[in-house]
Amino acid sequence: MVTAVQNGTETGMRELTYTTAAREALDEEMERNPRIFVVGEGIGERGGNFNTTLGLYEKYGPERLRDTPIVERGFIGMCTGAAMTGTRPVVDFMFLDFALDAFGEMVNQIAKIQYMSSGRLEMPIVLRGCIGIGGSSATHHSGNYYPIFAHLPGFRVVVPTTPRDAKGMLKTALRGSDPVLFLEHKLLLNAKGEVPPVEADELIPFGTAAIRRPGTDATVVAIGAMVDKSVQAAEQLSQEGVEIEVLDLRSIAPMDEETILASVAKTGRLLVVDEDFQPCGMGAEISAVVMEKAFDELDAPVQRLNGVFTPVPYSPVLENAVTLSREQILQAMRDLMAE
Amino acid sequence: MSVVTGGGLDLTTEQALWLLREMLRIRRVEEALARSYAQGLIPGACHTYVGQEAIAVGVCAHLRSDDVVFSTHRGHGHALAKGAPAREVMAELFGKATGVSKGRGGSMHLFVPEVGLMGTTGIVGPNILQATGAGYSFQLMKTDQVSVAFFGDGAVNNGAFHEGVNMAAIWALPVVFVCENNQFATEVPFDYATRNTDVAERARAYGIPGVTVDGNDVLAVSEAAQAAVERARSGGGPSLVEGRTYRTRPHAEGMRDGGYRTVEEIDAWKQRDPIADLEVRLLDRGIATQEQIDAVRQEIEEVVADGLEFAKTSPYPEPDTAALHIYGAS
Amino acid sequence: MSVVTGGGLDLTTEQALWLLREMLRIRRVEEALARSYAQGLIPGACHTYVGQEAIAVGVCAHLRSDDVVFSTHRGHGHALAKGAPAREVMAELFGKATGVSKGRGGSMHLFVPEVGLMGTTGIVGPNILQATGAGYSFQLMKTDQVSVAFFGDGAVNNGAFHEGVNMAAIWALPVVFVCENNQFATEVPFDYATRNTDVAERARAYGIPGVTVDGNDVLAVSEAAQAAVERARSGGGPSLVEGRTYRTRPHAEGMRDGGYRTVEEIDAWKQRDPIADLEVRLLDRGIATQEQIDAVRQEIEEVVADGLEFAKTSPYPEPDTAALHIYGAS
Amino acid sequence: MVTAVQNGTETGMRELTYTTAAREALDEEMERNPRIFVVGEGIGERGGNFNTTLGLYEKYGPERLRDTPIVERGFIGMCTGAAMTGTRPVVDFMFLDFALDAFGEMVNQIAKIQYMSSGRLEMPIVLRGCIGIGGSSATHHSGNYYPIFAHLPGFRVVVPTTPRDAKGMLKTALRGSDPVLFLEHKLLLNAKGEVPPVEADELIPFGTAAIRRPGTDATVVAIGAMVDKSVQAAEQLSQEGVEIEVLDLRSIAPMDEETILASVAKTGRLLVVDEDFQPCGMGAEISAVVMEKAFDELDAPVQRLNGVFTPVPYSPVLENAVTLSREQILQAMRDLMAE
């Protein structure tokens, strides 16, 4: 399994925002494949609530950039049928919270149709949109929910954290035949980063974690908006002579056990940092896998650091109180080292 | 095969016998499945289509093999009318490797994409949305294929109906929505579940054409379906066709059939048998002879006997195939 | 407070001034919130009700405090008209501990069950179902309370509308469904989202009464609402009231308002201001004097000034309260 | 935390089926509280697809036993509003698979309204129905899904396995103010067992696991239909001198960490047996909790045994292949002892 090395020495790199990079991926793939179309509320002329489709309507027209009524179940079910009949829908659902109204379609249909048809039908559908806590979005616009989809067979689930990954993973999603949840943390949308030139046509495979910071003393697996905070905390700890290896999980399903286990074999200590809820979450799965496959390598029990187990409140003071700060991550790293 | 009925008058013999053959094929397969269920040969649920044959057949008469159908929990009839081999449908209910879904699906999960049967579903509603999506594909790809959703009266109250029909309407998708109004959802009467039992009239709410037909008259169904399919195929957008009908067997095999409806009511509907009705009319009008009809009957007996034998003797799937194809190849 | 309008003619002065006061209260609160948003004092979303005041006020005029309202993302107006204190609504948007939801909710999650405001929602649709459920409670408990759902044109295409209205219809629940048809869902025009923009006509599909009114005429709204509320309260079942209106501010504060509609269109609707319109009619008909109107205006200025001060100076919630009340006491 | 002792010496015990016991609970509580009502398809005169309400329509009439159209989202959303306004709905959803169409209502509304209203509104709603693999029910009638609800704040989730628990836990559900998912494994519906007399009015609290078989050598936590199979496997192993303690988790959320940890402290070994999927499932959560809180007590890594990660197939041969047999559980127990 290959973990992408992003050493910045590559040529032709451009600095793009996360959203721009993802939109470039969509544009390139739409140009390449006339069967790709996008549905969602305001993704036509308006260019998407998060500018996910800005400029594409002018280029590809209303059939391929299809504004919808407010019918999340409807358009996701609709796209299921489209995917079964030779086209490749991209559902731009704005917030994953809204798409929960289509959960039955996702779980009973999208995830099962390749299986039920014994592989005679494909399900190349991309479900994309925002997750995450931030900006006082409150409880109907802040959900994460990815472990739910990791729990169920049939989905590919990714949470890219860099512009480069956003582009490369969206391109991968748009070439595969499986349903993909492509989840964009709202606090990362405007983050900037280097993206290879268009000619590179880079596809970043699913099932690979990325090493964001090498280290030898402990491993941190972080997800989404927690990756940068964890890297920052690790840098700080580095000044004290402790070198933490930070992995960006980025592919939730399939999960890159190999890279995690290799890192734990090296460090003997593991902390999973996830803004999402703890019970039956990604940290639980990673902890259980390490328990099963690397018990003897552990110098200390695997620890989990999660957002508070509560619906997400609105007031900045409260919102802050339920998410994870760099300081909390740092403290958890120290605690792990002290074990 | 395309049947031009024009009130059922200018039907060719070949067309007429196709309608008869298909309805009989469904009826006899269902009866064989019901017996097999009673004998314990079918391990899961079995919802038969007995009494409603005219709808699947009348509609599918106008579909090409590259047109697609999205069906329900009561989908054997749709599968057969769309061209699924009887033996493979039967083998599926027996849980055999030779079944249309290789034994993975059973009665409620029939997949024969090769003939445009895009699936039946154990959940009420989704197929309406999926049919709409197939229409979207055809519009985007600029083919002249048509997509059909079959669904019961019970699905009409569900949000999937509302959202699916509306989308098809606003985008003028090539979809035909066929409601099989058999007046009950399991045991709940349609006139309990809604204050407006006129399904075709719902079309108004979406600004599309709607029509009610006698769902036990295959020629009437065929005529309405022909108009709807042609409209869809020629870019005229979706329509809603309501067939009023009745299932004369219990909701599912093995379920009681009392309490919510009377024996008299069931008997009265059995008198309105769509198959017997067609035979009489074909003979009356001289479109087919008794010999031709008998030949069809004989042919179907053989198909069903063969199918039953095939279902019984086919092997079960290999246990180690149980988790294949969850993800695609790429 | 119950307003008997009878075409707006036999309105008492007291009743008339209530309508005016409530509309003005909403307008001025919204304007203050919009300014506060621009000043960066409101951390999250802010959807104002400016231009649509006549609907909330015309409907709530007929509701008792034990009647209940289930509202939307655009719910400030419903909350205020139902009796929520302006200062607490404003404090909520400021994220303060003194807000109606103690700062947990913000614009889209206002809860004031004490006055029957059972919540606003960030998700389009659920409130229609919940209002139906409140009607179910009232029917079961044999009270004569009434439940009201407010929702936009955008919600009409959603399955929640279809399923909720149908349930209320078949069980004759005491519910009034009020559609605020402001012709856009964010930037998507209603006539793009459906081929049948006549919302009231949808009532036919469910077998209940439906009526369209000028949503910028508070007396017209009030008259239609009165009939619907009385029908519900007296066991006559649900109705659907459609108010045709327009929001004259952007979908949410901070959003652009161009592209999907013209400045001319917005200006034309601003001319049809429900508040100015009521004032003129009250003066014309001698129901209220300019002094009385001025007094109301003055009163509202004070309410809003007080509210703003309250919102600004109130404390933030304690961080350690962030995870309280997830589960109940028992 | 009390774990129920069911020693069979109590007086007045009656042998009832699981369904009868649960129905008795419903009947008793409906008699006690006129604000309880039931909705679902065929739960009126027909008495429910699984006889959950047999005879109650005659007793309580159509308003309290309310047949519905096929509108899972609709009636669950409807009941949300009812629960907010003073009544106490029981949603009899037949199969949990169907209720996924109401996932948005459950997650965004039911689970959050107590919180969002700062405790001024209660959400006393019981969502009940079948889960589990069995009887060639195929993929739309065989789901488990409980870890999904355990992942999210706001729900109580129980999977009773005995008639006594079914009755006692349903009564608890019908007296609390929280939303409860009351999940009945289809293979247990006709199981018989002793149930205390009506006068006992027994309420079995949530958050307690039950020790179904005491043991000293290893702990097995089992769920739903796996409990009996695990007890059987343990009995068999007992003949070889190995004594396995079998816990019936029964309360999925809250989860009884205390009883699990106490057992692990005693045995040093743990296996979680769950028919449901492995990733981010109950076994993951239990493994992670034991990792965090009892790492030093472990003589071997915690193991998970789950059903195969696939949609559930129809054919008995395939269905068998994806569920867990007594033999597989026995083998896993042996493997655990061999670690």
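As written, the chains take the letters A, B, C and D, and residue 1 is the first residue of each chain.
Throughout what follows, a residue touches a chain if its C-beta (ideal position, glycine included) is under 8 Å from a C-beta of that chain, and two chains touch if they have at least 3 such contacts.
This one's a predicted model, so the numbers in the text were calculated from it and none came from an experiment.
Contact count check for B-D and A-B (C-beta pairs in contact): higher for A-B.
Distances between chain centres, each the mean of the C-alpha atoms, put B farthest from subunit A.
Rounded to whole angstrom, the centroid-to-centroid distance between subunit B and subunit D, based on C-alpha atoms, equals 38 Å.
Each chain gets one centre point, the mean of its Cα atoms, and the points for subunit C and subunit D are 41 Å apart.
Put simply, the C-alpha centre of subunit A and that of subunit D have 32 angstrom between them. Within subunit C, residues 101, 104-105, 109, 121-123, 125, 157-160, 163, 166, 170, 192-194, 326 each touch two or more of the remaining chains. Each of residues 68-69, 71, 73-74, 97-98, 101, 104, 108, 115-116, 139-140, 153-154, 309-311 in subunit D touches at least two other chains.
Within the complex, the subunit A residues that touch subunit D are 72-73, 97-98, 100-104, 107-108, 111-112, 115-116, 139-140, 143, 147-148, 150-154, 253, 255, 277, 279-285, 287-288, 291-292, 295, 298, 300-304, 309-311.
If you check the complex, the residues on subunit C that touch subunit B are 157-163, 166, 169-170, 192-196, 201-202, 204-208. Remark: subunit A residues 35, 37, 63-64, 66, 68-69, 71, 73-87, 89, 104-105, 108-109, 113-124, 153-154, 156, 175-178 touch subunit B in the complex. Touching subunit D in their complex are the following residues of subunit B: 43-45, 95-97, 99, 101, 103-106, 108-109, 121-125, 154-155, 157-159, 185-188, 192-194, 259-260, 316-323, 326. Within the complex, the subunit D residues that touch subunit B are 41-42, 45-46, 49, 67-71, 73-74, 97-98, 101, 135-141, 308-311, 313-318, 320-322.
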